[in-house]
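Here come two complexes built around chain A, the first alongside chain B, the second alongside chain C.
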Partner chain A sequence: MSSQAKDINFQTDSFVEKLKRRQISGSYQVALETCQLLMKFVAATRWTHIDQLIVQIRLLGKRLESAQPREFSCGNVIRRVLALIRDEAHEDNNNNNQQTQNTTDSNNGPMISSMFSLLSITAEKSEQEPQSKARYHDLKSAIIQGIKDLIDEISSIDEGIESMAIDLIHDNEILLTPTPDSQTVLKFLLKAAKQKRKFTVLVTENYPNGTEKAHSFVKELTKAKIDTVLIPDSHVFAVMSRVGKVIVGARSVFANGGTVSTAGVAAVCECAKEYKTPVFTVAGLYKLSPTYPFDVENLIEIGNSGKVIKFSESELFHNTDVTNPLFDYIPPEHIDIYITNIGGFAPSFIYRIVLDNYKNEDVYLS
Partner chain B sequence: MPPKKQKEIEKDERLQAIVLTDSFETRFMPLTSVKPRCLLPLANVPLIEYTLEFLAKAGVDEVYLMCCSHADQIQDYIEQSKWNKPWAPFKIQTIMTLESRSVGDAMRDLDNRGLITGDFLLVSGDVVTNIQFDKVMEAHKQRRAEDKDHIATMVLTQASALHRTRSHAEPAVFILDEKNDRCLYYQDIPPIDGKKSAISIDPELLEGVDDFTIRNDLIDCHVDICSPHVPAIFQENFDYQYLRRDFVKGILSSDILKKTIYAYITDDYAARVESWQTYDAISQDILARWCYPIVPDSNFLENQSYTYEGQHIYKEDNVILAQSCKIGKSVAIGAGTSIGDGTVIENTVIGRDCKIGKNITIKNAYIWDNAVIEDDSTLEWSIIANGAEVGQGAKLSKGSVIGFDVKISQGQELGKDVRVSAKKVENNNRSFVNSSDEDFEDDEDDEDADSFDVSVVGSQGVGYVYESEESDYEDDCAKPVNSLMYQIGSLALSDDSIISQVVKQKKKRSYSTTSVMTDYEEENFEKEAIATLERALDQNHDIDTALLELNTLRMSMNVTYHEVRSATLSTLLKRIEHFIETDTLNTKQATEKIFKQWGPLFQRQVFEESEQVDLLNIANGLVAKSSTLDDSVMLYVLSILYDQEIVEEEQILEWYHGNKIANPLVKRFIDWLEEAEEDSDEE
Partner chain C sequence: MSEVKAEAEKAKKPQQTPGTTSTTATKKPASGSEPAKNADGTPKLTNKELKELKKQEKLAKRAAQKESAGIVSKVSAEQIAQNKNKKNQPLPVVEKKATVKKPEKKNSLFSHLETKEHRNELSLNQSQTLTQIHPSIISLTLKISSYSIVGSIPRCKAMLETFTQVISDYQTPEGTTLTRNLTNYLSLQIDYLKTSRPLSVSMGNAIRWLKQQISLISIDLSESQAKTQIIASIDDFIREKIEYAGKVIIDNASQHITNNSKILTFGNSQVLGDLFLHNHLVLNKTFQVIIVDSHPLFEGKALAQKLSASGLSVKYVLINSLSTTFQDNIDFVFLGAHSMLSNGFLYSRVGSALIAMKAKNKNIPVLVCCESVKFSDRVQLDSVTSNELADSELLIPEENKGRLNISLRNFKKNHEAKPEDTQSETGKKGKQQQQQQQQKKKELQQQQDAKKDDFELSNWKNNQYLNIVSVMYDLTPPEYIQKIITEVGALPPSSVPVILREYKSGGAN
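Moving on, here comes the complex of A and B:
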């Protein structure tokens, strides 16, 4: 058992290192791998009371979160698992209470009157031990099963979102997406095309960080015979008047209904607001975070300055500061609807889904 | 069975990396006299971490650290770091190669140990890079498939000639085949000083090449993928010292080896911290996120807690900032540091637990852990090492380096490029590089052993000024090309003008000496060395040639420098005897003639203080044995060696007192030395 515990320590440490080194990146990947790690962690950890497990997972969550503080899906998954454990524990406790009530009833039956009955009670107690051990194993397997379900949910998340595509995309509609790096958006559009919808997609170029991804996104769309137009980021306002819907892929959705997405999306949503174009945000449930975006600046990762101007040319600009933010924060009032794997919701309703999936006491892990 | 086979393949493909932790240079003196270069902090993270992070990301399986100077410190550091933990991404091992005095020696040592199994990654311990290594490896393998003589791929970063991150101390020109980036020629050029310089290329090198480019805009970050032949080639050519200047050039201009070297030019970030100028530039690059994801807020060290704020400001937890202090762009501040009212900070890295007072101006300074900067001082383009203190109102001008635990008293103003260390740093000739520098100037400063350089550090200060050996070069050579940007750059001193000549001569000779050597392998070293030297004396060879031959002999017969010294001395003394016996010259003239000319041989045979004493012992023994030579010879020898700075005063005294020399003439010299010292003490 100790070797197993040691092993899990190695695994968590190497996982933290990988996160720091960004060898694991992308919210989908991080969410899945975090789940796998948590499953192993729960399997390897021993506890006498369920609270111990919760404390340990919270500590682990704290470490994972600080390894890549702006990869929110990691923290979200941990909070989901914590909520799951708390639910299981609660349920277990209820059962247990009923059971203990029963046992105390039976215990109360025979009075302790002789030496023999004293001994017989201890015998009975030792019989109880394996019973609680069985409960411990039940609880453990229930939690592990819960995490497995979560993994299934995450890996099949796109199906839930895709199924709504046909209802939301109409024939001869012009769509605009400023997030060609989102696989969810890609699958959403492909699904609609498969179901014989005829529509046009405008794709922003996403210079400088997502240009390559934008190109492969466009390639995929044209392969599915969707009319696709690649436009520079600066052209968004000019075309907005003709756009029917803006489809945004989210990186993280916060409890207030705001979202963090790829850099440049905030401006696009602002344009959409001007023309009253509806903005649809697609996001899997694991991207839903129970936290509030109090410090927006702190949510935004600043990337490689070398993408904005070449490093070899940086000397020409040595008195200029170059920053390359990778994310944008979009306030809830700029988003019309969230499309998740469990349905479409208004931004003002997100808090409710958060309550369904997370526990309040886990919002802050430290 | 199939799974087993797969495992074998995997085993073959494990990637090894060799990290040269020592640079065999003295550019970071006096700080490197206390700590090795690879443990100096860059943006509050020891330099070696950047290299190891890169290797971890590159998917390396085994890392060997070649340690030379301060090897124990590096070993301790690695043992306690996360790289030594079981979950580290690779196996790490430190290799002590204390004898090595150049990259060449380290490579030969590596070859002797036989660790290399396949293509390996050779990096220096001061690389900062975010290149995607898989692409480089792919390119290497592809070229390897096309060209079986391909033995090395050098990673070069696209920059510009005067890029701040490019080395100004060791710029180099690469001539590449336009078609496939094959490197045709390599030439190091003199440091950028505004003067014109020319390179000459052998037209034969360009035969069969359609188009070629001459590039003087690349950053050479010393990240190479090498085939196992590379250490072997070093072994075969034991005069190779440098990776680039000797090895690359040697391979490319050799008709015999017929090997090729390719370049991989990347747009990603890759640079080497090899001078103060690049230290400054790379620190700024890291703060400005040019090397993303290698940024302070990645928190590579386990206990770090940097967070990013706008304008490239990074702060750890528990930083105390006074309300009226002004933190400008590109600043990193470590935990536990407090900054007082009215202080203005810009483009600066501050370590942990520093105390920065009030109304201080700090611009482009690098302040390491536990430093104390008192009120009203001004720091510009300077480095304050761990535990140093800068007194109230002190002014540090551009390029100052304040060493570990140095104290600068209040009100002191330091001139440009002053380097101060708490312990006196001898310009000990640790490597061949320095010893070939022939500066015969008498250093008055060396005389006073105990008192600090009060004129610089002030009355309550602690510290000595470090005089760089190459200080003569500074004025004419290191003219800042772009005054502000290259201020710290002007600290980076050149030491290659003399070396390059040496190298050229070596190359011509190397093959002939190899053949000579094999014939006499069984012979004893002394006889052989004396014969070599006598030939040199007779034919009046120049010193470098003689030295090279001696060195060749030493290596082939595997003897220590002690034997070399003894053979050299006995040859020289025999020659003096000869002059005296034939009555051509008197004792003094003969000694002077021989030792003035050939004394410099010892500069590359004597490196440490104990060796100086050894030299004198040998001399004394030989003189005593000889019947023709009288006591006066020893006096002349001593004074000449002293003038040439081969032996230093302290060692002479140590030798004299240690061996109870009963030579009246020598005693007079010793008395004179001691008096001179007392005089200077009084001053």
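Moving on, here comes the complex of A and C:
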């Protein structure tokens, strides 16, 4: 075993541990770090055929997913990379085929987009002989370049979303955001303020899990001279009649158009629906997950109940269950628009974007 | 009835006077303060200010008239007159002070509501009349303003009990009758009580009833007889409208609680707590109560504690986990009420509406337990127009405020002042020292920056762009409510005005 391989094993282990301990958390952070790990992994792994790489990455993906099962961005990034590898392999194959087939029969030309070629490729591949060394290196560098592009995309995601800010907020509007922990929402609002829009933002304080984040969110907004009102979570219904739009930051978005976000957001979106207030969700593409949320309860992580009732008070509550869920699932019918870095979409259209970015065979890594 | 209303209006008016002064004061600074000053710094009155002054005069005059008509003592009228003079002269100065204090905040959604500061000013204004306030009223005011008595029924009960004390200590001054003077005397007490928190609907109803009772007392009765009669009727009122009403409601609502049912409630309603305890301890039912609570008041904690101590199984969650909580199979949602409005809306602790909405969408019946004292003939369509502001400071974490904060701030001020002084002295000295000082200054600034981060929102009042708002109540639309359980029976929200009519006609008899 080469030292490089050992090194990557060690790095993977430490990454998995960090995920398990929640030392890396937040979808942005997780996505970026997963990308970096994958890049090193691809660089370190040797394979004779591209399918071996795919299998190895799938195994890695499975490990990473089970380390933090409710952090979907990790799995999403892996699926994106897998799709990328498959595309590269496909292209490579086609070139190869063309070279060989041009001499004999050019009937089976580049039909990349057709269903037929999609299905037939896997069958073809297994029959193929090991790739030549030059092609191996080409492929490897192409894949690494692809991952680099992905990293660039993820780190510049806010710019893509920000650019839509001005089109969505009108002057003197009152906005409500129930997710002050979302950096994307913050940047979105700051961008809108920079473009000389005057608006008021109501921010829920997200007690008990996100209060500190809410306070710093509020601080950032006031620094940018945006009129900001901090309200307790219970006030949502009371103020909803005055709110023009609700902006939600997503944790992950599912193929059906549903979203997992911070606890409390589902009630806010439901309330917005009652008042016919538009809800838009801002999310980077890497938050899009190709899975469907069949078991909603499984998506929700439970946090420290000591934040709800202090452990010092616990003696007073003998027969009391105290829970502190961290997330909420918001069904697609409570969301009006998704703002992603590649544009705005209706929830019902999300599945199409999922198809664009992921391969069907990678939906389930196991 | 009209008399009673007039009383209520009277009671409202003195509130307006300081209210208007302060709002004008806060509105001024942005536009008026700079140009209003002459070169020598003396304030110059603009047309606007003159108009305001006239307004003030008028209000003061009106107040004076009212007072002299109401309370017989000439002293108070004189005081008012003095006030009037005072108000006329130093008004611009007050305005200036206000500019220093607070930058203008705009667009706060709830800026039309009376703040605690307004109420504090009010209580300061009333300090001349403080001698006439009964000590038990003062203590009750304190208890209510510190939220140690919360909930509309406990507040109402505490108020009535205090009134019995006040009335038993009351002596009619010479030259008037009890019927006429006692109501005025009580109004004075109530005005003071209002400085703690606005009166609850139940308190308003009780006061209206009491005043009517007093006016009905025949002049032939001796003072002590009249007093015992009033006190007896207050006791009856407490027993009938609060205690027995609660019992009837509990009897009626108990049919909805069965073995193994799951019941969700919000906050801490007196009657609901009693209902759960009654079903658990007396009727021996086993069921689970899910208590949803909210920051910053955490009223549900007290209920959770009370119920879990009795052995009932309790689940305690905060309002942000509402959707997860509703994934359990909940049988009924029980809500308490602050008031039922005449258009069928439920006016209750903020957050109730969210829960009722969620329950409605999940097809879970929402039941409201509400004594008929809480019925109000007011109509309101949304929670923003009329509400009670809660203390926004409660939203700022403990460690960021309080005395520690003040001492830290002083510390900071001292340190800020020092280096500047020393620099001016040592301005001619060598460069080395200056550099050292600059370094020191940098360090200090870094420290200060670090501290600023620690303070977070503690000085939000000085931030023009930041508002921290919390209100006490919200409105639940009648569509979300299945049934209102009162002591006069269970009824749909649309029947609230019917009960009001019955109740009123009953009261007039």
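The working rule: the second predicted complex is superposed on the first by the 333 of 366 C-alpha atoms of A that agree within 3 Å, B and C clash if a C-alpha of one lies under 4 Å from a C-alpha of the other, contacts with A are read in each partner's own complex, and residues count from 1 in each chain.
In this section, a residue touches a chain if its C-beta (ideal position, glycine included) is under 8 Å from a C-beta of that chain, and two chains touch if they have at least 3 such contacts.
Computed from a predicted model, the values in this text were never measured in an experiment.
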{"item": "Fit or clash between chain C and chain B when superposed on chain A", "value": "fit"}
{"item": "Touching partner for A:Tyr292 - first (chain B), second (chain C), both, neither", "value": "neither"}
{"item": "Which of chain B and chain C A:Pro208 touches, first, second, both or neither", "value": "second"}
{"item": "Touching partner for A:Val322 - first (chain B), second (chain C), both, neither", "value": "both"}
{"item": "Contacts of A:Tyr364 with chain B and chain C, given as first, second, both or neither", "value": "neither"}
{"item": "Touched partner set for A:Ala267, first chain B, second chain C, both or neither", "value": "second"}
{"item": "Partner chain(s) touched by A:Ala238 [first = chain B, second = chain C, both, neither]", "value": "second"}
{"item": "Most chain A residues touched (candidates chain B, chain C)", "value": "C"}
{"item": "First, second, both or neither for A:Val218, with chain B first and chain C second", "value": "second"}
{"item": "Chain B versus chain C as contact partner of A:Phe349, first or second or both or neither", "value": "neither"}
{"item": "Smallest separation of CA atoms, chain C relative to chain B, angstrom", "value": "9"}
{"item": "Common interface residues of chain A - those touching chain B in one complex and chain C in the other", "value": "297, 313, 318, 321-324"}
{"item": "Partner chain B, residues of chain A touching it in the complex", "value": "9-11, 13-14, 17, 20-23, 66, 69, 297-298, 302-306, 310-315, 318, 321-324"}
{"item": "Chain A-touching residues of chain C, taken from the complex the two chains share", "value": "106-109, 294-296, 301, 304-305, 308-309, 311-325, 327, 350-351, 353-354, 357-358, 361, 382-384, 387, 395, 397, 456-457, 463, 465-471, 473-475"}
{"item": "Footprint of chain A on chain B - complex, ascending", "value": "53, 56-57, 82, 85-87, 89, 130, 157-160, 162-165, 217, 267-269, 288-293, 298-300, 305, 307-312, 329-330, 485"}
{"item": "Of chain A, residues touching chain C in the complex", "value": "174, 200, 202, 205-209, 211, 215-216, 218-219, 221-222, 225-239, 241-242, 262-264, 266-267, 270-271, 274, 296-297, 300, 308-309, 313, 316-325, 328-329"}
